[in-house]
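Take a look at the structures below.
Note that chain A is present in both complexes that follow, paired respectively with chain B and with chain C.
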Partner chain A sequence: MKTESTLIRVGLAIYLLMFFTYLLGPLILMGITAFNSASFPQVTPWEVLTFEWFHVLFNDKRILNGLKNSFIVGFFTVILSVAIGLAGALMLTQIWPRIRATYYTIIIAPILIPGVVLGISTLVFWDRINVMLGFSDDSFLHNGIFLTVLGHSTFISSYCMLVFVARLQRYDVGLTEAALDLGATHVQAFRKIQLPFLMPAVGSAAVLAFLASFENYNTTTFTFQKYPTLTIELAQKVRYGINPSISALAFIIVCLTVFFALVHEVRTRRAQLAIANGAPVGAVKGGFEMPKFFAGNPAAAVLALFIAGAVATIAISQVYDPEPAKAILLKEKRAEQKKRIEALQERLRAKRLQKQFKGPDIFGSGQSKVPQPPSKTPFGNVFDPGNLGGTDPNAKPKDAKTPESPGKGTFGDVFNPGSLETTTGTGDDKQ
Partner chain B sequence: MSAGVGVDLQNMWIKFGDFVAVREANVNIKGGEFFSFLGPSGCGKTTILRAVSGFLDPSDGKILIGGNDMAGKGPNERPTALIFQNLALFPLMKIWENITFSMEVKGAGKAERQKRADELLEMIALPGQGDKLPSELSGGQKQRVAIARALCAQPDVLLLDEPLSALDLKLRQHMRTELRAIQKQVGITFIYITHDQGEALTMSDSVAVMKAGVIDQIAGGKAIYDDPSTAFVASFVGENNVFRGKVKSISKGYAVIDTNRTGALRARMATAVKDTLKPGDDAMMFIRPEALNISDKKARSDTRIKAVVQHSEFEGQAYNVFLKGSEDKEMKMSLANRGETRLYDAGLPLILDYDADRAVALPAGELASE
Partner chain C sequence: MNKGFMQEYFRRNGQFMGWGLLIAVGFWVIVLIILPQISMLDFSFRNHLPPPEMGGPKDVYTLKNYQYLIFGAENNPEAYNRVDLMVFVRTLIAATCVTILDLVLCYPIAYYLGQSKGGGFLRILVLLLIIPYWINEILRAFAFRIIFGDSGVINEFLLLFGIIDTPFDFIRENVALYAGLGYAYILLMIFPIYNVIESLDRNQIEAARDMGASWTMIHRRVVIPYAKPGISSGCTMVFMLSAGALAAPQILGGPSSLWFTQLIYQWFNSGGNWPQGSAYAVVLLVVCIIIVLTVMRLFKVNMGDIGK
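Coming up: the complex of A and B.
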């Protein structure tokens, strides 16, 4: 029993490890590449710890411009989508029950339509309107920001609506009725009772809308015109080859995400903790006290560590100078190159020698000093049957000859057209 | 405000699609009265209250408040305040803000509102609790806040939808007396909904008993209990022994009913059916457990019942004796505890009798427990 449960636990641990590696591995790797001085995002070979890619990033005009456009688009998309989503969700609660399902399907449809289609249709639709109104080609209806915001909002407002619908399901309509009964107008009842209740959902919907707008690519490609967003810029960059400044950007975004997730976690845990301790709900909103802040709140501890780590990293980046290390690396590289060239030359010499002394082993004991010729298989000669015999001191240096046999590729002769012909040939004979 | 704003329902129907929730309600509620609607769950009580407060329109008929037709007026235009079945306190507002919400929407200043809140908190015996949130109050306290909030709107008619149903028995009894006291104090019309007959009888000036959308009887508590107008009311309000049969003869307001299992029994005809019950009709006779006695042998034969004790229980103020008559007819008798040490063992044969004035003869009809 006991061994069985430990077995299960170990299995579970391995599974979790694999799962999280799969989930987070790429992000972590990419984050690491941002600190490697190699000019292509890579972890191995590790060259020198550097912060230069952050400098490159912050001096990249196009990236910064894309970022700015993304924020502008995100801002307006949030406003438009939250407003439309809220209206749509409220409508769902008011509408005649019999057509509710149909209405829901219609309003949710933009989520199911591919972003590409939304992008094209946004472009075409407003172009037609532009033509119909007789505006010029550079009117605001052709403005990239305008089109992108509208394109994004078509489907992001559906996301927002789902958030509001979820929150509204927990709303007691009796509260609005109570307000009306006490003499409030419909507007007052909405503003004083229902809207405060929906406030948390407005926050979540806004965050969701911003993130969805920020990361959108496929709709934006059709609508951005003269205002490329960050995703567009990144995609164009990748086409001309990338450098680790993109990793640096990814690293910053991941860090910000983790930071806000931690802040959120800390706050919810704090509220839960306070309620679990029997504190009145009003006290949860209370001030900020250090010991209480950490008490029984692992998320708070992680957050503190995280902030400390970030501060330390920034501090190090200010004082750390990778140049000496780079210089050393350069020297090492040169030395290695030199070594390689020498090795090559020696090999050539050895080959020449071998040709002269074909057959008898002039060095006697079999510890051949003849450098081994570069093997043609990716696994060296491990699969060479000759190597299986172990290291026989008296064995002749067979391997010196093996690579010379032609056609011994990685897969033997399987892909040799000649051998293929013979095999099929015998097959035909047998039929 | 002024004591004396009455409510009239005139021939009111409420339908949801094909479903009739309220059928032809005719109710006249006098100003300053404590009026209750009593009925089993789903009989349409809340629906009537929602129509009076303006949340739904009657399909037919009229609602008058203080003589004014309320057709086309929304809930915020009617002189009513509703205390909801679940109270519906605003969870994000403090108690004092909850109480004075009706002033806030009319634009009253903060100082004025706080002063009024303090007065009302005093009245509901929660002084100094105004800065709490509703979630920080007990059930009974929330209850009182809901009442204060409704009263703050200075309604002419206060509508209460089973406000005590969520409370435990002790608190409920306490709140009953408190509600009645508040009603006496402010002098406005209370329309109270309940499915608890004890609540309706103890508090109300008048009670309307409802069954599946139909109002069976409107009368004072004593009349409802002693002189029900239908078999449903007789069986729904309090406990009753039911004897089914046919009317054998009628004389001077009394009927002799040929019961199926217990022979001919005499009973007073209910006021409502005095002129309609005829010999040969299917009828029911109702006798309350406390109206049954152990016979002193002088009783007339048509108010005598033979029965055997099944078991008995001691309830404090009374003994409840469960009996079986002829052909296993089950009955319950309740005998006041006068200090004697009587024991009603199983198997003891008894002869019971009753005062024919305290037995009620009614046409056969649907019973509450069916």
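Coming up: the complex of A and C.
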């Protein structure tokens, strides 16, 4: 019995470890690639620690524009969905019992309807309305922000509704009734009694709505028209050429998420501790009790570490200069490149000799394998691609692969995953 | 609706609040949910016309768009539109696989979280679960592309240890797609199951154990029947979302395997044939709903359990 429980325990530990590796591993690796100077996001081979991708990111106009649109859409979506979600939840508590189930099915359905379907139906519906009213194509009904906000609100309202329903279950209707009995109007009773009670739910619904709107892709991709949001821009970047500046963005987003999650955790935990210790919540909100506070609150310790790490990273990024290391790497690469070219030349030469000796000399093929010093060969200028190609037709395909054509590889071409080699070629050329 | 109810409703909410609620809910239910779906359905039965001809004599109802999905273009030599139908079936099968994968992966952790006594460690675990969920969908797919690419971490690792000689094309084999899709919806599977298992009285498990039930028996006879609403709710959400996913297939999908949503996307964007795209969207929606309702009927679960 005891061995069995140990077995289960070990199994559980391994399972938990694997599960969280699957969950967090991709994000950590993606974060690491943001600091690798290779122009394709990769962890191995590691080149040089660099912060240049953050500069590339902050100077990307399309990303910044997408961010702006995302914030606009998010803002309006939050207002609309929180209001609608609240109304939907209040309605659910007092709707005629017979249609309650139907009503619930209808308002929960948008969560289950595929996002593409929501986007399409929103687009088609408002397009129809537009045609019916005889407006032109650029009326506000065709505006990307208008359509995106409506498309998002359709299903985000359902999320908000669920948040409010959970909170309303603990609300005592007697409070509103008491207020009404004491002479408050309905609006007053709502504003002074019910709304303050619902305030935490309003906060979490708003955060939820904003995040859901911010990260949505499926619906937005049909409705954005001329206002691409950040997600749309990201998707296009990822689909048509990967570049570590996206990793840099992901790194920032992951850090912000972790930061806010930890702050939230620390605050709830602190309130809990305070209540457990019998202190009023307000009493602990001010001071920062160090040791005790950390002891009962692992999240706080993690948060402190996290902030320290962030500060250290920023400080390093200000001081650290990747250029010397990069130069060394470039040199190494160039040396390797040279070696590769020489090896290639060697092979070509061997082939050519083989060809020459074929027929008349039966031992020639054996001889040609012996490497010969380059000065002896008549093809001294092997670096000229045209020269090689002209003399030996066999060399042509291989020649195309060698990174000797500097015209193509400019440093601007970093988006091209294959530009690694060509970049070095340019470096060669510059010297 | 009966009059007594409306009177009661306005007595409870007052004129202003009552109308405000009605308008907000009416706007949501009618203008945002029902009318767009109806108009999409309507649109899917129409001819593909340039805007000036809309409402003209050619604007009549037709089954053409649905016929195209099943039988293909008119000059199609084959009896059925094999390409599109295959994509559709493959999408549904793949979505089912992703759902099962997630269920197998998430049930143990949901059980563990639901049955453990709480405390700091548990809270950190829950936090770690939530964090990936707030990362952008595109970025999550992007992370998987970095990992599974030709020069990705996994390939480099396998090459280093000599398990393989040439990089394995995870993207072409759709391994990356399944991993990415499963990853995206883990949380939606865990939380419904967790919520149900959390409310399961631990004494029931103790009692079963005392009476000699084995570990598997406890799960089969006690925990799983109790957690059924949570399991089916999680499965429903994961299935619907992965069948309707667009970003992950676009980024992680192999060149030879399309997702049905990608066909819809093509009709709308590069194809420019909206009615055809609407018809495809309607088919996707209706078939998904039918599958979900059938499964829910089979497992005897109500719609009301969803979203708990």
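In the analysis below, the second predicted complex is superposed on the first by the 311 of 431 C-alpha atoms of A that agree within 3 Å, B and C clash if a C-alpha of one lies under 4 Å from a C-alpha of the other, contacts with A are read in each partner's own complex, and residues count from 1 in each chain.
As a convention for this text, contacts are C-beta pairs under 8 Å (C-beta built on N, C-alpha and C of every residue); 3 or more make two chains touch, one makes a residue touch a chain.
Please read these numbers as outputs of a predicted model, since none were measured by experiment.
With the C-alpha superposition on chain A as described, chain C and chain B fit side by side in the combined arrangement.
In the superposed pair of complexes, A:Glu342 makes contact with neither chain B nor chain C. Once the two complexes are laid over each other on the shared chain, residue contacts for A:Glu332 go to neither chain B nor chain C. Judged by the touch definition given at the top, the superposed model places A:Thr231 against chain C, while chain B stays out of reach.
Of the two partner chains placed by the overlay, only chain B lies in contact with A:Ile193; chain C stays clear of it.
Within the superposed three-chain model, A:Phe125 lies in touch with chain C and out of touch with chain B [touch as defined at top].
Counted by residues of chain A touched, the larger count belongs to C, out of chain B and chain C.
Judged by the touch definition given at the top, the superposed model places A:Thr105 against chain C, while chain B stays out of reach.
Residue contacts after overlaying the shared chain place A:Thr185 against chain B and chain C alike.
In the superposed model, A:Ser157 lies in contact with chain C only, and not with chain B. The superposed three-chain arrangement places the nearest Cα atoms of chain B and chain C 8 Å from each other. With the contact threshold set out at the top, residues 185 of chain A are in contact with chain B in one structure and with chain C in the other. Residues 1-2, 5, 9, 12-18, 20-22, 24-25, 27-29, 32-37, 39-40, 43, 51, 54-55, 105, 108-109, 112, 120-121, 123-125, 127-132, 134-147, 149, 151-153, 156, 183, 186, 215, 236-237, 240-241, 243-247, 250-251, 261, 264-265, 268, 274, 277-278, 281, 284-285, 288, 292, 303-304, 306-307 of chain C touch chain A in their complex.
If you check the complex, the residues on chain A that touch chain C are 4, 8, 12, 15-16, 19-20, 22-27, 29-30, 33, 40-44, 83-84, 87-88, 90-91, 94, 96, 99, 101, 103-118, 120-125, 128, 131, 150, 153-154, 157-158, 162, 185-187, 190, 211, 214-218, 221-222, 230-231, 234-235, 238-239, 242, 246-247, 249-250, 253-254, 257-258, 261-262, 265, 269, 296-299, 302. Per the touch definition, chain B reaches chain A in the complex via residues 53-55, 74-76, 80-82, 84, 86, 88, 90-92, 101-102, 104-106, 132-133, 135-136, 149-150, 153. Remark: chain A residues 172, 174-175, 177-185, 188, 192-193, 196-197, 280-282 touch chain B in the complex.
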